[in-house]
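Right after this note come the structures.
Note that subunit A is present in both complexes that follow, paired respectively with subunit B and with subunit C.
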Partner chain A sequence: MFNLFLAVFPEIFIINATFILLIHGVVFSTSKKYDYPPLVSNVGWLGLLSVLITLLLLAAGAPLLTIAHLFWNNFFRRDNFTYFCQILLLLSTAGTISMCFDFFEQERFDAFEFIVLILLSTCSMLFMISAYDLIAMYLAIELQSLCFYVIAASKRKSEFSTGAGLKYLILGAFSSGILLFGCSMIYGSTGATHFDQLAKILTGYEITGARSSGIFMGILFIAVGFLFKITAVPFHMWAPDIYEGSPTPVTAFLSIAPKISIFANILRVFIYGSHVATLQQIFFFCSIASMILGALAAMAQTKVKRLLAYSSIGHVGYICIGFSCGTIEGIQSLLIGIFIYALMTIDAFAIVLALRQTRVKYIADLGALAKTNPILAITFSITMFSYAGIPPLAGFCSKFYLFFAALGCGAYFLASVGVVTSVIGCFYYIRLVKRMFFGTPRTWILYEPMDRNKSLLLAMTSSFITLFFLYPSPLFSVTHQMALSLYL
Partner chain B sequence: MNTDITASAKPEYPVLDRNPPFTKVCGNFNTLDYLRFVTITGVSVTVGYLSGIKPGLKGPSMVTGGLIGLMGGFMYAYQNSAGRLMGFFPNDGSSDVDGS
Partner chain C sequence: MMLEHILVLSAYLFSIGIYGLITSRNMVRALMCLELILNAVNINFVTFSDFFDSRQLKGNIFSIFVIAIAAAEAAIGSAIVASIYRNRKSTRINQSTLLNK
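Then we have the complex of A and B:
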């Protein structure tokens, strides 16, 4: 029986590492002998090490992780899809932590608990991705959310950060309540919480009568809860304020990691539960609304972080196209979209963090960046062009595949809205590029070289974005396999 | 509780023991497993030491890194050893199935 735990070695390791780091932080940050040292950087490096070892355990033990593919009374499922999403999540977490170190120094940020909470939320997201039961899924979502509420407010001396944390708490609790209500309605109507049982009950089930209206409302509430969490329109209102108010590394983490885990949950719940037809229309509408609002609202923004927040809402709309299709190609395009979006967002936020050194907060502050830091300006331009979907960058490949999947399933209106909003989106992305290369700075700008961690991260992500078109087939074949494993 | 080991993918290599006990798996560690264990622990101790220089916490940070590395290295070695016994990783193909 002990060998069943081989299936969750990565999770066991990261939990234990988190507790070791927590004890280390508590003991030594309050130690008079060591003169109350600031430990955030120290815990950060050890946290990064823990994430990399978790990644090693996951990647190297892949065949073994499926030995208990239905684990703990069938609460969790380990398969190829889980594997792909967890690898992507851990890479995103490692990228986010590695871009934080200079931020800690520049902003004199001294809360080691920040890293501990990131690791704890990563662990919860690992469980979320493999959850195969409504209860397991909800518990993992709550653990993740509670960590996020705290890290959003981690910069205690900033009222913006405190306000962001409070807003996130209230709205996150509200959306969790809606999600739980949906789960309870499903359980009340069917008596089941396990996805396999729900799939058997609901396949071919006609939505008529009181019991089925309970099921329908339950599915709707669960969908609304999920749409809140991924900041899809019309449940997006909290995102720009919270993304802007939170510390920048937190914003980067919030933009990437929960979207990976929530989309994985959405696919598990709704593909296995066989309620795709019911929800297709809801996601269809939310996708169109997110694309349109993401494109139009971002045009009016003057702050870089708010612009990236609306850009993220727009990208959620594009990624939802994949789910709206309801086909294997749609799911594959969703997974490709998530992967490329994660890398582009890591790239974008690493650049924003690098720009913070020169106190760039507004778009207008980007003036003449090309003269003071040309390499950074070129990297930012590549990222913006990729976000805009300009070929041959990775963002274009992701959008192309999403629109192609939409056309393949007959959703011509969805694809055409996507294309039009991409063109509109080009305006504000290229406006940033224009500002960097042709604008004049508002104040004096001092050139400060970027730290090594961020430069390495930027080199890797921008190389991927630029060169992806040369050899995209490994990602395409892996995501096709993952999409097939969902249906089989 | 589900105590069956039900792999979604069949083992590719000969199964030496379908559900090996803890002591057997630890006894099956080969040179490469010990090397991995030591390497991960060593790297973790180094990271702990280097990250502890700035806050003046070299020793304790080294110990914390060492703990994390010991745990991770042991789990990695255990995973590989168990995988070889269960037939998921290449083994020498011995016909010692379930001890017979």
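Then we have the complex of A and C:
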């Protein structure tokens, strides 16, 4: 009986931590005896600790987790792929939570429920990554999205933030509706919701006569729903507005964690669940469009968060190249791209949060950063160069491997569009660096030094970005194992 | 009672919901269209389950979950609309709400 729950120990722990922290926060922050303390950094540190303990349970309990228990087989499956994806997710969540503490202090943001919702959405993302059934996948996606709708609108007095929350809700609910319609068409045409059964049924799709319009519609709608969620073009409707309007820690969460888990889901559904029925052309088209839009639209931006939003749209386009290939190298390059993208984005948002003291919103505010904070300027330039894909930084390695995989399977057009847009994108990244080092702002802004959490995080991520090229083989072998276990 | 008739009905409701969600000027109407989308998919699930899956009823189970999630989403949507109303004193979606250059 005890064996039943060994597989879900990390999730059980983090759900218990969520509930205990919620009750703790409610009981103590409404108690008159302690004078109604705002418990946000208390709950924040405990939340960070619980994410790290979940990571420990997950990483160290690996031999226990691959028990293919019949009870859990209906809803999720643990293997190498989910193991490493969940480790990446928990590491990025821990990094992003540790960035927020300074923000809570400065903005006088007292709601401890922020951290509780983040923990809840982390748990649902753990389920999302290992989901093996359309029902489980949809439930996990919805739980994660619902938590994020709330925290995107969490600054109640600001029109910006509540507007961004509403846009996120409409966009997310719309995409969930489309995803669900696709699930219903697949269920109706095949009678199965479990990925194992779907994989068996959909292997005969190529035979003419078995090409059912219901399955085609279902796969199309599911693909469109997923592409909405990872904000690929042409489904990126309000993503820049949402990224710009939400509070900055929420933007950091939005651009890292859901992308990791939705990509994991995409890989499960489209590589394992329906390998031959996949509409590869739609991912092909979206990847090209995202790369082009990410490169061109970011040039006209004057606000830092919108620039990061468009650059993340562009990066999603590069990562989708890996998916459009359809080979194991393609999947491996996708996973390498996701890993390096997560680290680069944590780095970029830590810097944006560090510069927040004097409300830097516009790029012009970054002028002469090199004279006031030279080390911060150097870190920011390393991050921007890595996004642009300049060797020998980590971003170059990920883009190189993606284009290599695309060439290896014959998608020459995709690789050439990728290279061209990468070069075009270099322009606005380097313009940012130039403005930092050689520009003069109209009013000189003095930034306070950042707190210890962010400085540790920046040190770790920027040293990873700089030194990755010396020893890339652990990441390569890890992602190779993940890609292989996806096909089994 | 043919299968195609019910599927056409649910597709019709789904498209009305999508059209209304995209083009409505009122935030509350947008939330109602969202509910319409999720309920159209529920009709789909229940129909398929009735016609094809009388042993396991996966569609019915899925639609119960979807009903619960739609309720939660409506609650969150209403809360966000209420906080927008407090800030802005109107629930109108116009060009300045949508485009935020």
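The rule is simple: the second predicted complex is superposed on the first by the 473 of 488 C-alpha atoms of A that agree within 3 Å, B and C clash if a C-alpha of one lies under 4 Å from a C-alpha of the other, contacts with A are read in each partner's own complex, and residues count from 1 in each chain.
One rule holds in what follows: a residue touches a chain if its C-beta (ideal position, glycine included) is under 8 Å from a C-beta of that chain, and two chains touch if they have at least 3 such contacts.
All figures in this text were calculated on a predicted structure; none of them were measured in a lab.
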item	value
Touched partner set for A:56, first subunit B, second subunit C, both or neither	first
Subunit B versus subunit C as contact partner of A:12, first or second or both or neither	first
Per-residue touch tally on subunit A - higher for subunit B or for subunit C	B
Partner chain in contact with A:34 - subunit B first, subunit C second, else both or neither	first
Contacts of A:448 with subunit B and subunit C, given as first, second, both or neither	neither
Subunit A partner contacts - residues on subunit B that touch it in the complex	1-3, 5-9, 11-12, 19-22, 25, 40, 43-44, 47-48, 50-52, 54-57, 60-61, 64-65, 67-69, 71-72, 75-76, 78-80, 82-83, 86, 88-89
Subunit A partner contacts - residues on subunit C that touch it in the complex	7, 14, 17-18, 21, 27, 30, 34, 37-38, 40-41, 44-45, 47-48, 52-53, 58-59, 61-62, 65-66, 69, 72-73, 76-77, 79-81, 83-84, 86-88, 97-98, 100
Residue numbers on subunit A that touch subunit C, as the complex places them	134-135, 138-139, 142, 146, 149-150, 153, 156-159, 162-163, 165-166, 169-170, 173-174, 177, 180-181, 183-185, 187-188, 191, 193, 238, 241, 244-245
Partner subunit B, residues of subunit A touching it in the complex	1-4, 6, 9, 12-13, 16-17, 20-21, 24, 27-28, 34-35, 37-39, 41-42, 44-46, 49-50, 53, 56-57, 60-61, 63-64, 66-74, 78-79
